[in-house]
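In the two complexes that follow, subunit A is the common piece, with subunit B as its partner first and subunit C second.
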Partner chain A sequence: MNRTESKARDDGGALLEVRGLTVTFGTPRGDVDVVRDLSFTVDRRQTLGIVGESGSGKSMTSLAVMGLLPKGATASGSIRLDGVEILGKSDAALRKLRGNSMAMVFQDPLSSLNPYYTVGLQITEAYRAHHNVSRKAARAVAIEALDRVRIKDPHLRIDHYPHQFSGGMRQRIMIAIALCCEPDLVIADEPTTALDVTVQAQILELMADLQAETGTGMIFITHDLAVVSQVAQDVVVMNGGVQVEAGSTEQIFSAPQHDYTRALLAAIPRLDDDLEELKMVGDFRTGATR
Partner chain B sequence: MSAGEPLLEARNLVKEFTTNTGGVLSGKKRAFRAVDDVSFAVGRARTVAVVGESGSGKSTTARMVARLMPADGGSVLLDGEDVTHGTGAALKHFRSQVQVVFQDPFSSLNPRHTVDRIITAPLDYQGMGVPGGKRQLVKGLMERVGLNPDHSGRYPSQFSGGQAQRIGIARALAVKPKLLICDEAVSALDVSVQAQVINLFKSLQAEDGYSIIFIAHDLAVVRQIAHDVVVMNRGAVVESGTRDEIFDNPTQPYTRSLLAAIPTINPEWEARRRVNEQRERAALT
Partner chain C sequence: MPGYILRRLLGVAVILFLVSFLTFCIFFLLSPDPAVMICGKTCNPARIDQIREQLGVNQPFLAQFWQFLSGIFAGRTYGEGAAAIHCAAPCLGFSFQTNQSVVDMITARLPVSVTVAVGAAVLWLLIGISAGLVSAIKAGTWWDKGAMMFALGGISLPNYFIALVLQYVLVVQLQVLPFPSTPDFGEDPLFWFQSYIMPWTVLAFGYASMYARLTRANVLDTLGENFMRTARAKGLPSLLVLRRHALRPSLTPIVTLFGMDFAGLLGGALITETVFGLNGVGKLAADSIGKNDQPVIMAVTLMAAFFVVVANVVVDLLYAVLDPRVRVKS
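Coming up: the complex of A and B.
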């Protein structure tokens, strides 16, 4: 794929600017905020890591940005993509943005791919949704997309079904689908969590290479602090729907300011250290001193 | 591994699955060896971790050792006795000594049973009497695994993932087993909860002296809990030894590649963080 011209104006402004994002679920017992007053920015060529444990609101944040919140959830605040407010846009307008300007890579590639269709068809489907091209031209794009995510023999593999690929290969295909329209922003939600460590290392390397090639901005959502320390330039730590701490990756990992971040870092099982007892985040929650 | 007779020995275990080649209708079958000649020993009060990537055969091995799946070859010895094919009373006796903790606490606990009933179920199957009464035993076990004993009438869905895993551990410990088999028992948990459950396994082991077979794919977790490590790949044992042998001096390229792939935090940042925290602690005192 020749990247002719970036769809986004590269005027130095932030690619994505989220201000005061609040996601609320209406329940019979009243409204519940699963994300409260969250603000962050993502620049081009940069990766923002969002880390948190389950229930911290990290995935809801990504769904709000994509305009994919489940029924019953409402978002308020401001989400500006390339200077344009996208919160509150119509479904049709959002559909035009999704895939084209922003794309998502999910955790489980097997449930995100349709088992009945060849991978080639699924890539071209994404491409043709935004480009008025012939099947043949789209197929050429799909072959190139597979080649770009380092799948061998792409002209043969394009006619294979998802089950004929390994877990790591399937995630490569998901990345190929996400990148085929050359989006400005990619949101990766736990993209390597379901993968073996050796495969995870390969996928992380691939994502870094592709980002260097295309200059996309990325939000990388994960519960794994070690992974985020390797991929992100900036990090937001979330707990219970709110931002606990934010800063450059180096800052967060070398001089965490908040007790929750510290407890989280102390709870990671280490390879280089014998801890008599792993420190517990629970100590922080109950207010006991460590 | 530890001196003396091991508690459990797995000798040349084999498991074959038949797969259809060339479509379901062709009738052509081919045997696929998921576990191929796997042997290892578990010492008393020791934790042996079996590690490997998906498809390495580690869970299949665990299931054969736990007698949840018949072995196609080889044998399992518990206390020097062959328990590979025992049935009836022999199998029942085996189950009173070997218990399993599964990965997903919610799918391994009956959602319609109270915690009380879940924890005492192994005792009922065993027909074991309890000195002091079941209620007392359940309360004691719940306390030991860090649950509020007053919650024994609740259902699994009323607990968090970490708490539900503790219920699974309490159930496994009810019959006072000699061996716990933990199949990815902390993989589904958040890092903070994971740390709590690992600590729990270790402290209870120190009290009760049971052995553990710990199946896991996360080597950092394994390093925190295991005394001995067995590395598996494609159904076979690649390398085994004490924890420090495997982590500090792996001899096999596969083990090395597995260790090298683990994501780690920049050690410089880590060092600085520790210095910062020590300084703050010193300033407080």
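Coming up: the complex of A and C.
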């Protein structure tokens, strides 16, 4: 899919439509569903938050959309990007979408960058995978991408290696890689979890600004409810591989319907609470096989 | 960087000095009196004293060590007058059993050992790394299992055993290869190749097995790295992902190992050369141990240590080039 094609559909249906997504791991003791019957949509310029604790299936959902599930895992259901079914597409076809129409920002920016190569190469290779341009032209794109994620002296920094950047800077580079091909959809999988709080705020602000500029749709995966309330218009709450609640962010935060969501919200300590102990989120697993 | 290299070279000098001192200590303390060994059948105490003086072994330990060291840089003369024997610098000693300068003996044999080492290294790098790669990429399949079985064999079977079996089957029974010898390449390239192919194979088998297992483990580790997922998420072709992102992190540690292994072989493949009767440095060492020709044993030991110490520095410098994280900040 090229960009003009996707832009032409801008007035049409949802950017991403996931229906009945089930991700199954085959194990020697039988199949295990890590995600079961999950449905959601993401529109352009919109951010969908997927919230849940570790092991709730958030990351598997994003990997399923990208077609990057680990060996032994299979996805079923329907995933439509711009109205086109991408589940079951060949790896070659998916490769053309990856990085180009949909891109991903991962949790740990240090281990997500290859320590052996300059950040410049790691950005340009993403661009050149989808654009037939010279090294020089790709380098100009990469410098511009670094500038957009507000890295100072991008023409010098482009030749530096990942270990020469701080944690927040590395995540900016990951964002630059994700955005260099101007994807329609960005999936951010816990992009701020590995960062300290002040840097977290800067990265969130940057992502919001860039989204406003480019109009991409975004899936923001996190276990942090405070972050979700800042960035997402809609929220899906997951637990044990299934969706327990979905709705607009306001709705979820002001009037949670499900016990698990209430427990999650109640577990956030507040300054005005007079607590002896922190509240626990109990086991609300709703049926997914363990 | 130049400062770093200079510091490392200084370190090399210190280590080589210590190695030569230790080696000298061991031979001084442990070995039987060389004069008695040389003296032979028509021996009497006066003759032994005379030889001792000629060898310089009647002097105190430090004086002998000093003579040895200065001999390396300035050459030395054994004995006096008409019977004096001059050993030109660099003099690592003089073998009175063969009446040759030790350095001459080694330099005559070194080309054979180098040929053995280089040929084997080419083979084992090619086979070991590609087998390891295939095993890692096709982990769990019969390719993987087969290659790893083969590698286990290479590690477990002693190379003198493989050497003898190969020689018996290929040379004696099937007669497809001649008995190995050490011809010049220029004289008869085919005979040269036929002579060296068995030693190469035997040496390479063991090393290739080790390298295959190591490559497999490294590649599997790297394939699980987060940056591999990033590379795939960019939509890069899978071959490029493998070649660029998996190979370099996996093979860099192997450079270190290879440097040391190769340097070790330059000091002589003792067993392989002996089994195949190749006149290399390893066979020289084995023969000299048999005859208790101390100056030769000591010189070969020192030379082997020299290669390893130098390789260590080269590998460290190369590592800094290959891995940006250890590059010295200037």
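By our rule, the second predicted complex is superposed on the first by the 270 of 290 C-alpha atoms of A that agree within 3 Å, B and C clash if a C-alpha of one lies under 4 Å from a C-alpha of the other, contacts with A are read in each partner's own complex, and residues count from 1 in each chain.
To be clear about the criterion, a residue touches a chain if its C-beta (ideal position, glycine included) is under 8 Å from a C-beta of that chain, and two chains touch if they have at least 3 such contacts.
Worth saying up front: this structure is predicted, and the values here are computed from it rather than measured.
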item	value
Partner chain in contact with A:V149 - subunit B first, subunit C second, else both or neither	neither
Contacts of A:V34 with subunit B and subunit C, given as first, second, both or neither	neither
Chain touching more of subunit A, residue-wise (subunit B, subunit C)	B
Which superposed partner A:F253 touches (first subunit B, second subunit C, both, neither)	first
Partner chain(s) touched by A:L210 [first = subunit B, second = subunit C, both, neither]	neither
Which of subunit B and subunit C A:I177 touches, first, second, both or neither	second
Contacts of A:S54 with subunit B and subunit C, given as first, second, both or neither	first
Which of subunit B and subunit C A:V235 touches, first, second, both or neither	neither
Touch list for subunit A against partner subunit B, complex	53-54, 167, 196-201, 204, 223-227, 229-230, 250, 253-256, 262-265, 267-272, 275, 277-282
Subunit A partner contacts - residues on subunit C that touch it in the complex	225-227, 229-238, 240, 244-245, 248-249, 252, 323-325
Residue numbers on subunit A that touch subunit C, as the complex places them	66, 68, 91, 95-100, 103-104, 106, 108, 111-117, 122, 125-126, 129-130, 161, 163, 174, 177
Of subunit B, residues touching subunit A in the complex	53-54, 161, 190-196, 198-199, 202, 217-221, 223-224, 247, 257-270, 272-273, 276-277
